[in-house]
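The structure is given below, and queries will be raised subsequently.
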Amino acid sequence: MQLERLADTFFNLQVMQQYLPKIVEGFFITIQIALAVVLAGIASGLLLALVRAFRIKALNFFIILCVDILRALPPLVLIIGFYFALPAIGIRMSAWVATWLALSLVLMAFAEEIFWAGILAVPKGQWEAARSTGLSFVQTLTDVVMPQAVRLTIPPLTNRTIAITKGTALGAVVAVGEILYQAQTAYSFSYNPSPLVLGAVAYLILFIPVVYFGRWVETRFAWKR
Amino acid sequence: MSGDRPILEVRGLHKSFGHLEVLKGIDLAVRKGELVFVIGPSGSGKSTLLRCCNRLEEPSSGSILVEGVDVMAPGTNINAVRRRIGMVFQSFNLYPHLDALGNVSLALRKVVGQSRAEAELAGQAALERVGLAEKANSFPNELSGGQQQRVAIARALALQPAILLFDEPTSALDPELVGSVLAVMRELRESGMTMVVVSHEMRFARSAADRVIFMDHGLIVEQGTPEKLFNAPDHQRIKDFIASIEH
Amino acid sequence: MEQLVHNFFNFEILSQAWPLLLAGFWMTVKLTLVVVPLGLAGGLVVALASTSRRRLVRWLVVIYVDFFRAFPPLVLLMFIAFGLPFLGFDPGAFIAVALSFLLNTSSYYGEIFRAGIESITRGQHEAARSTGLSVPQTMVYVVLPQAVKNVVPDLVSNTLEVIKLTSLASVVALPELLYAARQAQSLTYNATPIIAAGIIYLVCLWPLVRLLSRFEHRQIALH
């Protein structure tokens, strides 16, 4: 009896059936934002780290400042700032863009730090050996240093990327139609938590493989102090 | 054996790791005050024999008695028995987060139940015995390998064990540091400590051991006085082994 | 420029919103002081359970950790805040936040502690056991002090993330800093409170970011 009521509340098939298409729609929007964030965040982070390798003082100071700010601010504060505060000075963007931009910037900051630490970890002798054979600074960076640095950075970068892509759920706060938003909307329409269960299942389907991928990467590129 | 019980008695000891049988029936008795030296090629089971004595390795079968207490019996409090069996490791295994005195006094406080003051007094005395009283507040990474190993000996000694087991105590040391550790071991022997030593220090064995045991393939091949084993062993492979080590 | 100052750095608005922001700030502090120790304690339990001899226990720990690592924290929070009342138990915003954070952060802290425990060599366990210390004593007096020391950078890093995550509590109307800022914004029709909240986060968390950056460089350099 009790169990039946529980099932009716949390696993109400009728409600689930009704809102499943919405959740599926949200599922693909989540994937869409996540991929866009990963691409933009890692590419821009790599670019910043490469720029930093030139060790131009003023520029590096600026990079470090940006990275620090982005690491200190909660991503939700960034999203809300972009979506609710920037219009006040005439900068308007859609909720999708605000979420994507905020998460990409956060990933950029972490990726820059990780790539830069990787570059520093390559021994000075590698630079000297490469330069002594006549390679230019840029050639040394791209052909000798980065291949070694990237290998070191893969495990921490993977973990950080996974954590940040889970932040796509924050888009629900500014009404991006991803999984959580769809689930929450459906919940408030039906006043039944079954859509939340459905949403949770959608996240598990999406992220359990990602978590396992992260574990695999960690053992594959054994990252030990 | 003249009536009094051996400190350590091993009977029919077998130990297997999966399908690999490392000890194939070891019988051994160590009398009070005796220094027994165990030699043999690597993989012969020497270290496993030592590690079975305080059950760091779980024996597959056989019995082990320390001061007459069956180490393997279900009712035996293994932690209480281990107090009586000191062990010194090849890689020292000092606790890096504690200073020398902390290393030596931890078990006195937590196992014996002494107050901090009592434990530190006893710990300081143990450090004095190994000649490191002035290093009491040094951390392991501030000590040389030889000093670290002497602190490890003091850690075992502080518990006033009935027997000390040494598992290749000098193999991880630079040659110039070996002497200080051997000197401490010689002094312990002179003070009457019962010891079982697995080591390749043949010169030390010749001069200090009461008995030398040669092990190979999980069995005791031959045992006797150092003179007998080093100068006129019954087995050719002992001659070959000693020749290969002493070069 | 004038528009920027008027909308983002308006001192008149700020002085109106200040009491609200201050109350929000203290709520964030309170939340942090509850959520971080709870997560650390939970993480320690998770890590110790993962060293259990029973395979079933280790197995359950892996499921627990992976399950809660796969959930975005906000999803977990909403599920608990909106789902639990249907079970006849309305936890209230604060408890809902604390509970969802405990489940989420104990998984992350647990993984960190576990890595620390695994970084301690077998020789340390053996040396301790050879002097008669029991298994729990060995853990408490020998393994954990070293393990924790080895993972301090990761613990600090995770703690920074947890503090930032407390902003999620605004979604379930717990009046912490971000919630207060949004409330002040809708009362004043001005974005200054949100900018101010951002600056407060920045001022409080920047030292941690600097510290971490130093740790990370050392960590990779040692690799």
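Should a chain be cited, it is by its letter among A, B and C, assigned in written order, with residues numbered from 1 in that chain.
What we mean here is this: a residue touches a chain if its C-beta (ideal position, glycine included) is under 8 Å from a C-beta of that chain, and two chains touch if they have at least 3 such contacts.
In this text, all values refer to a predicted model and were calculated from it rather than measured experimentally.
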(Q) What's the minimum number of touch steps needed to get from subunit A to subunit B? (A) 2
(Q) From the centre of subunit A, which other chain's Cα mean sits the farthest off? (A) B
Q. Looking at mean CA positions, which chain is nearest the middle of everything shown?
A. C
Q: Take the average of all CA coordinates in subunit A, do the same for subunit B, and state the distance between these two points in whole angstrom.
A: 55
Q) Can you give the whole-Å distance between the Cα centres of subunit A and subunit C? A) 18
Q: Calculate how many whole Å lie between the centre of subunit B and the centre of subunit C, each centre taken as the average of the chain's C-alpha atoms.
A: 47
Q: Mind pulling the residue numbers of subunit B that touch at least two other chains?
A: none
(Q) For a test of understanding, state which residues of subunit C touch subunit A in their complex under the given definition. (A) 3-4, 7-8, 66-67, 69-75, 78-79, 82-83, 86-87, 119, 150, 160-161, 164-168, 170-171, 178, 182, 185, 190-191, 194-195, 197-198, 201-202, 205-206, 208-210, 212-213, 216-217, 219-223
Q. Within the complex, which stretch of subunit C touches subunit B?
A. 121, 123-124, 126-134, 137, 141-142, 145-146, 149
Q: Report the residues of subunit A in contact with subunit C in the complex, numbered from low to high.
A: 6, 9-10, 68-69, 71-77, 80-81, 84-86, 88-90, 113-114, 117-118, 120-121, 152-153, 163, 166-170, 172-173, 179-180, 183-184, 187, 193, 196-197, 199-200, 203-204, 207-208, 210-212, 223-225
Q. So in the complex, which bits of subunit B are touching subunit C?
A. 54, 56, 79-83, 85-87, 89, 91, 93-97, 106-107, 110-111, 152, 155-156, 159
